[in-house]
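What follows is a single structure, written as structure tokens, with notes after it.
All chains are identified by letter, namely A, B and C, in their written order; residue positions are counted from 1 within each chain.
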């Protein structure tokens, strides 16, 4: 698969990566199973899937918190696992993550200031005063009053804690930030603030994001490109507006359809596609196409052969035997009002 | 905000929490006062005790009187003075045993819990094995090997404590190791030793502190038993357990002699236990009701 | 018993093997803790050079460590735990001769502890935070903190010396004269039981409170089931596993506590044997006693594990 013209080196290239965990009975759970993608500099790359799709594990693999059992991850062409452990410790500082639960991501025994300073304190490159100064500046930049400096995490709200995590990561001037469901644990009113903060910081610091979420609204709002994951694999990948407005994989259609719409029922589209059944087991996934057990278009071929990648539009790929041939509903049909307006060009970005 | 004022604020906050704790738990407050009194008495033993603990007299097995508050023992020594001088022995013994236990148990527990895999399996098996021996019997056996005496016998008790502590810290380490803030710290490039000292130990240590407080009582009782059996403090030096042994030999003549040292042991052990239980419910609010 | 249960028992039996092997290492390793030349230490300060050499050869201390271990292990497997340095008699004979005296008081203490602690625990758990509960909890705190040999001394002073109801010291054989044996065992068993009562009461109380305050039991109460019936059908059945675990722990501790109790009551058991031999540096005897006691505890734990898997089918998954 080669979705983009490879002129600049991708910030991250994921090459047929698998992350496997041993489970009882000597079997293996393939949380991520043969995933490939590339993230370009200054891009926001969305990864979407329901819980259990392996998206979080993929995010952790990208920043070397999970070692790939198969394939490899390249950071700007460099394999971090080829480095010595000392070099890896220095290198990985440029690849950061914002976790879903800001409460668990902060050491409860450290003050806010100490937490924010920690990444700089690890190397101690700058003099103490300068580190202090920079931590306070970043607190202000993410919208935290300096009064919080000497407080402990339990004294802050979820949104404030997430701002602390963002400030902490920014101290490192990272090349890439993985945002793993970074707003889904927050109140809806705060989600938008934090998303806007992410957008501002991207423009200001030239950041690259991998935005992992189950929330289609969030992905549509922030991402340039998006990959849809199902049971450890990517099933569809392409520019956000292409994927959202004209999905070519039945699973993406179902995901779009599942998105709740804040409309009175008489204005809501009547065409909803319901997913049937449960997510199959990762330990023994279905043969052929993994989505076939829940697909409304399932054919005998789907159980026999793994679907190849098919390009339905330039840069828009789908892992379905019948991509482009199915009567899949468009995003406009599924969400007549919500997505019709702004999905093509999210505000605040070029 | 300057670093100095930040420190002051934190210290103030900590002090008020400490006061609130003691005000809310009278038993812990009484225990703490008792232990502090015992500690100062131990430091000032030479001043407080009216006689030398070793000074013998012709006044043998005398009942309590104005001259001898708790009477005299079989060699005419003042029982009160021996009791006071036994205090520092007991405290020294308890803290020595627990320190040895922590010094051995902590590194092994952290190692097993952090590294996991076959090292964890091996360490856990060794812990299981040692724990399946009655602890005081093992302590006596180790004392026999190291040589009889207070310090050796308490090192032996500490060795016997270590697997239990290792098991506790192992579980705690495994829990904390899976926390997101440890993952976060890893992405900042922290080395493993720094990760352990900065994040894992401070967050895993709380139950160990509770356990250490409770073990001080166990160590005190172990010291009393071992000195009673003649494996701990050696005569003529006084210790509560050894005083009980002497009192027992003359029980038919002077039965009242066995009460003072016994109560000294009981109260001190009670105080350590009460403090430990109070710390436990302080640190873990879910247990407050049921324990 | 289901086939599954049998398989679990087999698996547990297999797991015991490495623990026993490790125990032999530990027991053998005791001698390595002796600082300096063990032969010289064992022989004592006044010993002649010949005596030291003799001891070294007797214990095989001149051989490489692994050979010493194999030699010791080879003997242990055949039931030969070497001979006492002082009496020259086989260690195993001495240990087995004294073991019944120790086990008698331990078993009596356990029975006593369970039969007192279970009603106390139930009483406290059904009156949480009431006066009864506070009283029981205080008694339990006292039981954990009191030196049991001191309790023994007080019991002797009162019941044996003052009242003359019980003998002060000694033991009798259970097979030859059961009544007299139990009469001798009464006071030591009571003294030994003090910490066991406290421990079992506390744990049972905590476990019962947890069960009784669960959503499930509250539903039953709402449905109108009587308190007694809930306690019996759901409370005690659910905590029986906790109880089993505590009893295993208390057995281990009580076995250890015999060392001081046997000294108080002058009972010729394994506890007093390990004390005298450790004092006299009679290491083969020390090793023998420790090894036999470890084996007993391991077997006891095994028994508890098996009971566990019989009582609770959920444990059989492994």
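By definition in this document, a contact is a pair of C-beta atoms (placed from the backbone, for glycine too) under 8 Å apart; a residue touches a chain by one contact, two chains touch by 3 or more.
These numbers were taken from a predicted model, which means no experiment stands behind them.
Engineer: Which word fits how the chains touch one another: line, ring, star, complete or other?
Structural biologist: Topology of touching chains reads as a line.
Engineer: When you average C-alpha coordinates per chain, which one falls nearest the overall C-alpha average? Tell me, please.
Structural biologist: The chain sitting closest to the overall C-alpha centre is B.
Engineer: Taking the mean of the CA coordinates per chain, how far is subunit A from subunit B in Å?
Structural biologist: Averaging C-alpha atoms per chain gives centres 51 Å apart.
Engineer: For subunit A and subunit C, let me know how many angstrom lie between their CA-based centres, rounded off.
Structural biologist: Distance between chain centres: 57 Å.
Engineer: Report the inter-centroid distance (CA atoms only) between subunit B and subunit C in whole Å.
Structural biologist: 23
Engineer: Which positions in subunit B touch two or more other chains at once?
Structural biologist: In subunit B, no residue touches at least two other chains, as defined above.
Engineer: Which of the residues in subunit B come into contact with subunit C in the complex?
Structural biologist: 125-126, 128-130, 132-138, 140-148, 217, 221, 224-225, 228-231, 241, 244, 247-248, 251-252, 255, 258, 262, 265-266, 269-270, 273-274, 277, 289-291
Engineer: Residues of subunit A touching subunit B in their complex?
Structural biologist: Listed in rising order, the residues are 60, 63-65, 89-90, 92-93, 95-97, 99, 101, 104-109, 111, 113, 118-119, 122-123, 132, 146-147, 149-150, 165, 168, 172.
Engineer: Report the residues of subunit B in contact with subunit A in the complex, numbered from low to high.
Structural biologist: Within the complex, subunit B contacts subunit A at residues 1, 3, 6, 9-10, 179-181, 183-191, 194, 198-199, 202-203.
Engineer: Please output the residues of subunit C touching subunit B within their complex, sorted ascending.
Structural biologist: Counting only subunit C, the residues touching subunit B are 18-19, 22-23, 26, 30-31, 33-35, 41, 128, 141-142, 144-147, 149-150, 153-154, 156-157, 161, 202, 205-206, 209-210, 252-253, 255-257, 259-260, 263-264, 271, 274-275, 277-279, 281, 283, 286-287, 289-290, 293-294, 297-298, 301.
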